[in-house]
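Submitted below is the structure of interest, expressed as structure tokens.
Chain naming follows the written order as A, B, C and D, and within any one chain the residues start at number 1.
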Amino acid sequence: MNAHALTALKLTGIAFGAMSLGLLFMGLGRIVSARIQRRIGPPFYQSFIDVIKCFTKTSITHNFVMDLGIIMALGGLIATAFFVPFANFSVLGSSSVVIVLYLMSIGYLGMAMGVSASGNPNATIGISRALALMLGYKIPFVMVIMAMILTYNSSDLLTYALAQNHGFGSWHIFKYPLGFIAVEIAFQAMVGEKPYDHMIAPAEIASGPMVELSGKYLGIGFLLHAVQLYVETGLIVNLFLGGAQTWYIMMVKMFAVYFTTMCINAVMARYRIEQGIRHLWIWAGSFALLQLVYTRIWG
Amino acid sequence: MNNTIFILGVGAFFLMMIGLYGVLTNRNVFRLILGLGLMETGVNLFIVGASYWKGGKPPILGTVFETKAVDSYADPVPQALVLTSIVIGLGVTALALALMVRLKETTKSIDIIETKEEEVNE
Amino acid sequence: MSPLFLLLLVVMPVGFGLVSLALPKRLSWFLFFFVNILVLGVVFKLKSSTGLTWDLKFNLFSTGAVSLKLAVTHLGWFFLAISSVATILFSMFSLDFNDRKHATFAAPFWMILIGATNGIFLSQSWIAFFFAWELMSWTSLLIIGHGKTPSFKAGIYYYALSFFGTMAMMAGIWLLYHRTGSWDIATTTLRIAADFTTHRSFAMTVTALFAVGFLAKSALFPFHMWPQMAHAEAPDDFSAYLSGIMIKYGIYGLALFVIPVFAMTPKGTMKIISGVPWPMYALAWISAITSVIGTVMAIFTNDMKRLMAWSTVANVGYIGVALSTNSSLGYAAALFHTANHMIFKGSIFAALAAVKFRTGEREMHKLGGLAYVMPITFMTFLLGIIAAAGIPPLSGFNSKWMIFQALFEKKMVFVATVIFFSSTGAFLYLFRALHTVFLGQLSPRFRHVKEAPMLMSFSMIILMILMLIPGIFPGTVTGFFNNILASFGFAPIKTTLNSMTGSTASINGTVIAAVFGLAVLIVFIMFLLGARQHKVAMMDNYTCGEDPEDWKVGPERYHYGYDFYQPIKPLFAWMPLGAVEKLYETLRRSIERFGNLVSSISADGSRLGWTFVIGILIIIVTGVMK
Amino acid sequence: MKYSIFLIVAPLAAAFTIPMLGTYLPRLSKLIAALMLLAGTALSAWLLTAYKAQTVIVIGGWMPPFGISLHVDLLSLISVTAVYGATLMATLYQLFDGQEKKPYFYMLILLLTAALNGMILTGDLFNLFVFMEIAGISSYALIASGNGAAGVRGALKYMIVASLASVAYLAAIAIIYSTAGSLNMATVASGMRDLNPVVGALVVLLILASVFTEMEIFPFNSWVPSAYQGAPSSVSALLSGAVTVAAAYVALRMSYIVFGQGMGDIIRYGKFNVTNILFWLGVITVITGQAAAYAQADAKKMLALSSVAQMGIILFAISIASDLAIYGIVFAVIAHSLSKLLLFMVTGKFVSASGTSHWAKWKGLGRENPLSGGLFLIGALGILGIPLFAGFWGKFSIIGAAFKAPGVSWIGVYIILAATVVEAVYFFRLAHLLFEEPETKPVSIKSSIWFRISTALLAAAIIGIGVYPAPIDKKVRKIPTELSSKNTEGYISTAYRAMGR
């Protein structure tokens, strides 16, 4: 079998792995919030059921842009997932963080395009909020990454992960404590959980982008969120939590990140949109800036 | 300094200043022209005065003064200059007065200040 | 290859332009297209003839000879090539755009402008450069004005700033000449770089004067406001040229003179901040500020052409930042982004021109849903904004990636953060334009709008291909850079057909594209495997079967487009945006007031004598003054 | 060179035939005027091509310094040619495209021509005064020949200021004569430096005041806007295209020969620095002129103030006094003369077609009449000093000269460059307005064949000089050596040779 086909096969595996892992996290996350709210919650495989069901129902579409956008969205995010090292392993060999940051955007753009082609203003409002929020969380996040680039003179995620493989003390969470706080705050916004769930805001804008999606479109919407969780938790683990030598430790660490997020989500209320961004800029931003200044001068 | 020259000089200066005062403080065209005339007279007086020297004879050979020595003549050039300048002054004043009459005819006023939007020339 | 071909590149378009002044409009547009074909042909024939020189020296001043020297340099040829490729597409677009209803008298002037453009990129003497520069300035003013009052108001704003820069440049040229005794660009560059050790303030002055000229042309801070007026008000098909090519003259100038001067300055003569001489560090921040202003203004703009003009300002900011890193990577990144921006912004403006051609609207909230009726235009616009946002696998990503690599190399992380802010902000305004114009509800007014005419669509398709190629194979463009870098004494960059190596990583455009393709394929198969979908009219759902018309909700009112980012407006309230514009307006008004004061002296006849007296006093004062 | 006297005498003689003939044969008299100017242009051009060296022409057998002499050099011949050419153009314009004028009008034009040429050629200070007065009187009358009060008022304003100037000039003559004992420029020049510095300064002050009045230098230019506006366009063109040439020439000659004894050094009388005066007044004039022109709503006033600004630049260049500056001055004067002629001629057409000189009401005139609009654009580009148009070489060399000059003249350059931006704005504002889409259909302009020929010639000259300046350059290059103080063949030595000393 030729090398290219083998790589393609591996990548396909990663794609489905990422989707499943994300769905699993979503199911577990629902249980976590349910327990905090003293409910039992659905079984952990509920998300799988949801997605499969979605794909089997007939759905409505308005035009070709909607199909295009939705496919582009999931495609873009899966392509991003290929670049995130999983347990010190990256099929493609390189995993430049700049590519991850920008490639992720094509997912957002696709989704934005698809749902705004549905012509529902609520969807568009949701997208406009999501994009605005992006302005809030990307800046602190990038500042912290730049601090790492300064240290390692490399923008490869794998380099960062490997550098933390020397025991608990070598984790970046200790090396960049301020940066970690900043990224934790930003992460809350990245995955769109409270207090930064402006995009979905169910009671306000009827779930925003999801409002017009039905059937397999909604299913792809679920998968989008799943892959997004995989990519973003994976990023955090690789950046701060020491990466992982084995696949199960990686999964545990990733879930730990998501777990924290769900806990915060369960107890917070939603900000107003400009409050949210300002909060991100002021808190996450200043922590990140301090980290960057520190690294630039003494690091 | 010679008395006569002094008087001529001061007189010329004051004439010019009076004329200048007239030009500065008036907007009536007629008075402006008068002021200019005074200044011109002043300056003519100044030129004539500049060539004066006590005992200078009119620079005309073989006349009643019967002076043969060129040294004793007054300089004739300034007088020629003044004559020319008076003629020119006359011309200018005449033209100015003619313009004033035109102004009076067209605007019923001899005030130099523009009063309204005026018609234009191609 | 005869050197006369160089002259031909300049004279031929100008000549055709002058001839076509007498021709009917339609014919002149054909001639315009024809001229561009010729230019492109000659340019590509010149490819291998670097160093070919045409020189006309004539003794004009008693002080020395004036030389009009044209030559092919690596840098010049690169700019010439990308601009003529872009121009021919724009001209093909214009051919259909200027139908009976839309035709302007721009074609003859545009031809002259193309001659001037070629002249700028070919000039090797400052005199020739200045000639071409000025020719370009006023012809472009006439095109931007194109007989419309608001357009001219925008154009004269552009022209005033640009002319200010030109005048500064003229002063700089003379200072250079007096110091070096040469009009030659390469010679003077070397000399002035050496002068930084001995005649510091002189060299700084000269460089600053040139920098003002180039900053004004490339709309960097504090000249950043003219594109939003000029680009917005120019003829729609010309906006593409304006934003794609004309704004790059300043970049070319910076790359030709200012940056090499600092790069060649002997070490230790200037204070170094973050690995670059301080004036370049200042340039980095100027550019960064420009990009932030451009971004924030674009986010809150409702006029689609104005929005894209602000986006151009932001992109020029990136290019400026890249140039200011004073490294081969940064220089290459700037050139790369210049080329990419030329194509992607050109195609965005082309798409907008097509929209305006069909709808006649410029305010975005009045449009909407045009993707469903103009798919090719939509695809062009979509690829354009993907490239503009720097999303792989399109061309914009590669150059942005390179810019970041250059910044990382010099550890200019704070500038990089600011640039990243603008880059993220770009998503906001680009998506806003995409949504408000092409997505959302299609207004019934535009239900019967047709796809853009054939030639327009055809040129847009080519533009799309041109955006994809450098994204997947960055080497197609970066391959030219090493010669250019070598000619300015920079080290070469590592690049192959599909990959580029930066300071902290290397990327492979082909791999990214292939991976993305694979991911999309996977999803597409999943999509096909899912249950069938059926098409439903847009207004048929969400209202649960009620007729939205009963609630007085038509598609126009259902289109979320006006004041799109109103919720986040308070976040930017503290920014002193528009302060520079206000300053200029104050200046303009002061000049007018001063002029009125001066002319009021002469209007009042009773002050005539006084003016004379005061004049004598002024003579006395200036006479005894030291 | 001895025919140079005809440059003054012939128009004067022709001028006096007109009132005689005019009553009975008005057409013939007009023809005489036109032919006279044509002949004068040809003669001056011929003299220019035949020029070898500076000469002094003694008039009436009275040797200088007692008699009046004419002094012919290259610069004066170029200026005379420019004056003749400009007058010819303006006259043709008036004859074929202007309002019907009485023969006296043409007499005045001839008189003005004679006077301007006299101003340029004369070597005697008092003679200069006389010619200045003749030029003045004929211009007042010409300005007032426009119909309506504006012309009369403009003429009166000019007359008042110019009379003050002539008083100042006469006073200066009195002082010079009583101290130096002669009015011949060369003699005075060699005596000026020996004067008591205070007296010298006083003389310079008074003469400069009067020359500046003619040359439209701020603040002696308070008459300019009204006079240009009130005058018929042909006269405005004359004022701008011919009178300024002569005035600039006189200013240059005064500064370099009479005050400075040859170009090159800083001219100083005690603490009184003449170069400084020229420099600052030049700069101030540019600033005020451009700003005032920018604020004007009246096209003719705007063009008038633009002339003012151009004169400011020329005065500034005179203060630099280097080879390159002289070079620039000549080019700038020629370009200004050509462009302003063209602009005033076209503007005159616009005014007569639209019935107003408020440019804001000219929207679309050029669109309807592309020829006139295009000519206006060419004129504007010529004035602005855009490359490939005549004004460029002048402005370019003046700027270069200023940067090379020692001292503070570089400040002035930056100011002038900044003011040029204002100039560009107001010229393009108007040039483009002509091509804007009007609300109502604009009137179309009828023009005679002569208008087309003469404007085409002017436009061709503007572009021709801009593209191919070599022929003029070849002539102009000799001027700095002629004016140089180091050159033994300079003005004073030539004059002295003629005197037999």
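Just a few scattered comments:
Heads up, the rule we're going with is that contacts are C-beta pairs under 8 Å (C-beta built on N, C-alpha and C of every residue); 3 or more make two chains touch, one makes a residue touch a chain.
Values in this document were obtained by computation on a predicted structure and should not be read as measured data.
Across the two candidate interfaces, A-C and B-D, the one carrying more C-beta contacts is A-C. Centre-to-centre separation of chain A and chain C, using mean CA positions: 35 Å. Centroids of chain B and chain D (each the mean of its C-alpha atoms) stand 27 Å apart.
Centre to centre, using the average C-alpha position, chain A and chain D are separated by 77 Å.
If you average the Cα atoms of chain C and of chain D, the two centres end up 44 Å apart.
For chain C, the set of residues touching two or more other chains reads 603, 605, 608-609.
Annotation for chain B: residues 20, 23, 112, 114 touch two or more other chains. In terms of which chains touch, the assembly is arranged in some other way, matching none of the line, ring, star or all-to-all patterns. The part of chain B that touches chain D in the complex is made up of residues 16, 19-20, 23, 29, 32, 36, 39-40, 42-44, 46-47, 50-51, 77-78, 81, 84-85, 88, 91-92, 95-96, 99-100, 102-103, 106-107, 112, 114, 118-122.
Every residue of chain D that touches chain C in the complex is listed here, in rising order: 153, 156-157, 160-161, 164-165, 168, 201, 204-205, 208-209, 212-213, 217-226, 271-274, 276-277, 279-281, 284, 288, 290-296, 301, 305, 323-324, 327, 363, 367, 381, 386-388, 393, 396-397, 399-400, 403-404, 413-414, 417-418, 420-422, 424-425, 428-429, 432-433, 435-437, 469-470, 473, 477, 480.
Listed in rising order, the residues of chain C touching chain D in the complex are 58-63, 130-131, 134-135, 138, 141-142, 145, 147-149, 152, 155-156, 159-160, 163-164, 167-168, 170-171, 174-175, 177-178, 591-596, 598-599, 601-603, 605, 607-609, 611-612, 614-616, 618-620, 622-625. Those residues of chain D whose C-beta lies close enough to touch chain B in the complex are 98-99, 126, 129-130, 133, 136-137, 140-141, 144, 146-153, 155-157, 159-160, 163-164, 166-167, 170-171, 173-175, 177-178, 183, 226, 229-233, 298, 300, 348-349, 351-352, 356-357.
By the touch criterion given at the top, residues 369, 371-372, 375, 378, 382, 386, 389-392, 397, 400-401, 404-405, 408, 411, 413-414, 416-417, 420-421, 424-425, 427-428, 431-432, 434-435, 438-442, 503-508, 511-512, 515-516, 518-524, 526-527, 529-539, 541-542, 555, 558-560, 564-565, 567-571 of chain C touch chain A in their complex.
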